[in-house]
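Order of writing sets the labels: A, B, C and D. Residues in every chain begin at 1.
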């Protein structure tokens, strides 16, 4: 597909053009004055001409909630006495409004592709994929918590995006990566990127190949027998420090556990699915009171093994994109990079 | 390199004490902190062997309340017994825990509420000089990646890839520490470092009062905006040493008091009720606010309750292990009083008045 | 038709509810809008009950605890009174209109007095208008037919 | 594509099974013919029953597809949803999603073999489904041993069918209760004890064991003692589950999802999993 050179002014014009027909969202850096919009906390919808800034590194909130909102209404029903439809489940009408998410980082774009693996059969998730266009910016700064390259990504990758913008000296290289991306730039007069600009981009991507020794170690981890990782002594200390809050799972772009529940308010009901966290004791508790993962250690272990073992077992890749959000926000400084290193060391011990 | 800072010396003393306590078998475990993987972070660490003593650290970023871990660590060192059998009678192993002013007051509450057996706890008291808020430091360097932060006694040196800056430590100390009147532990078995004297604090509830002066609508606007970003991760609840119900009211299914998804009403009610449950017990340790990934100032609610509890019932939580709990135990004489005119109780003598010779110097870092 | 507020009254069946059914049923000005929740003792009223009444859209909530004098659990009641005062203040602090939740912790009164109390309270709530703060509402959803 | 929308079903009949009323068998009929036509299940599979306003709960199917159009679900009153279910009346509507899970391989690995079915408590429901299927094609299987235990005579399910099976002559039926009870002339003893006495040799046989973990734990040693291997033993796991479609992750036992990969596993498979069920 085509790559163009676009100046910041032209980009602003392009965004204003999208705002005529689509809902355009950008990262919200401060607290919104009112309640979270459209169930995508951490993002805000902007109108024509409204200024916005892109934070360095990953956006504060991941793009997960655009695909997997908290909550999602699965169906609605009435419970009023004498209602003709009492107790009948009805599906909500699906929205087809196109939405453009602006300012997505490569790690988050990769997370959407990862979540599509389990959700490929989920009509709600896939419908949102259909109507959401991701416009991303490749990273020029790597934060101290970033580790996308370790997880097989790269600050310059653009997989999962519809449009990718890479900052150059005097503008951006605009890569059109999908049909949705084509639609977004259709009818715009843009200057094709020059050979030398393309070379700069190619050069950046060249330099960011997978760090070979570490990624081969991670491959070993994928192949390692579960029992070996499961019985590692490291979980003791992690489980003891963990306070079992859901911060890591909720800010994680790839965590996708959910719970389903009925809510009834004054006779009107709806069945929703909402984010759940494997860190919560009730997550796995049976009705009888028996809890297969009743200890903190077991829950902490389950979260990490799900990302680093169970998910790869089922789908291939790790369920982690290396955005580093959980590292920065964990109340007790549990660092997934340290967990990875400990697990890798565990595979080496024979 | 600079002279050893106060906290370096405290770290050394803590390690020494930890080694001694574990070596002599006086305690089976010690709850402290290890260095974190990021600048301005620490990891809670339960030390059970001599080698781990060297991992203990003490610095100005120890924002988590260690009392949260105490009941669990205590039960982890008990001799295992079948729940159907009576509790073993022999004396159980002890646990040592680092405690500043507010943490020690939480331990007092745990003792009052029979969560913790006083006999089994060895409180290693450390006077707090105020803990630094990571969020405040980060806010000083927007769009910058902080790589390391060196700590002096009165200043912090912040290093990034392309900058080095020195900032005043007190300026970035957490709000709750800045208004704290009791930085020194109220319960001490082993003292580390110098005692820190009580602080004179003319306006301990200034933030609350400012909000109280605004109109009802303005306060509602503040409330809705402040809590609109909550993601219901419950970090504030789980990190709190006061929250220990086996099943929290938010998780109750029969009856279900609250919805579980992101809904402004449900989220707001959760925070109101969570704060309410801390009434008369909260020591304003600030852990809830410090751990919130969304930077919500839920401490405002508990602070308001602390103010009311002090003004109405004349009590500050956790100041005396022998004192009864303010909202469940009280002299029946006060019953007549309430019935009589529904007026607030006069401030009782139990309020610990800040000493007039309070050390002002520590306020400036 | 003028708007009538929905009122929830939590009251102690031992000391406050005597004759209260008649009070709410026949004489009260807005009988159908008053729901009386009788509890065996006022100390059994929990913050959850109050908050969930608020959440379900009650325009006014009246907690009518009884006398401490002849109550076998007076001690607990005092504790609850202390707690509810805090709750009332906290709700006001976050911007819920003063008077939406009202505590009436008075000595034993016959149903008649409670009726007057409810009537007065209803009038006060009427002046406040319908409750909207901390009231859970489900947004209407268009459905597939 | 997966769906969260339950099929509307109607309660055609309710039978209170046990003396304490904690177990009821609901006879369910589809409201719409197209759902009825499309429905197919195998014994061992389960469904999500949903009561609007209460939510959904997984319930094993007690009926075999050979029994006609009606579905039978025997429900234990335990949680929020099952309590709501127990309050429903004949004619009430509810929702049903499924069938979920893999079910017993009656047509594959089990065909032509001797079957030993061991059930404890109300876990007998899915074995009832399996047995009904087997009886419909009795000639496809060898000898059938059915061991079923409950706490008291009053806690036994499916009284009428137990009587019919006893009279057939082509099933070795052993029904036991935990302790002596007035009026009970049958076997007395825990399931593992009875199993140890009557279990047939493992040659060309498979066992289907459903019951509380403690029963399974003590039933295995006597079977192993006479040569049964883990590959021959089929168990049905239970875990908390929500979506029933392998998505929400609640029911995971290591990398295995009980709702999608199970609930039926051989004991050899279960032994490879971490102890998180």
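The rule we apply is simple: a contact is a pair of C-beta atoms (placed from the backbone, for glycine too) under 8 Å apart; a residue touches a chain by one contact, two chains touch by 3 or more.
Just so we're clear, the structure is a prediction, and the values are computed from it rather than from any experiment.
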item: Chain closest to the middle [Cα centroid of all protein chains]; value: A
item: Intercentroid distance (Cα basis), chain D paired with chain A, Å; value: 40
item: Between chain B and chain A, distance of the C-alpha-averaged centres to the nearest whole Å; value: 33
item: Separation of chain A from chain C, taking each centre as the mean of its C-alpha atoms, in whole Å; value: 45
item: CA centroid of chain B to CA centroid of chain D, Å; value: 51
item: Residues of chain C engaged with two or more neighbouring chains; value: 136-137
item: Residue numbers of chain A (touch at least two other chains); value: 91, 259, 261, 263
item: Two or more partner chains touched - positions in chain D; value: 79
item: Pairs of chains in contact (touch as defined earlier), listed by label; value: A-B, A-C, A-D, B-C, B-D
item: Chain A-facing residues of chain D, complex; value: 1-6, 8, 50, 52-57, 78-79, 82, 93-95, 238-240, 242-243, 245-250, 252-255, 274-277
item: Chain D contact footprint on chain B (complex, rising order); value: 253-254
item: In the complex, chain B residues that touch chain A; value: 36-39, 41-46, 64, 68-69, 72-73, 143-147, 221, 224-226, 228-229, 231-235, 237-239, 247, 251, 259-264, 290-291, 293-294
item: Chain A partner contacts - residues on chain C that touch it in the complex; value: 56-57, 136-138, 141-145
item: Chain A residues within the chain B interface of the complex; value: 31-36, 39, 41-42, 55-57, 70-71, 141, 143-145, 237, 240-241, 243-247, 249-251, 259, 261, 263, 272, 274-275, 277, 280, 282, 327-329, 331-335, 337-338
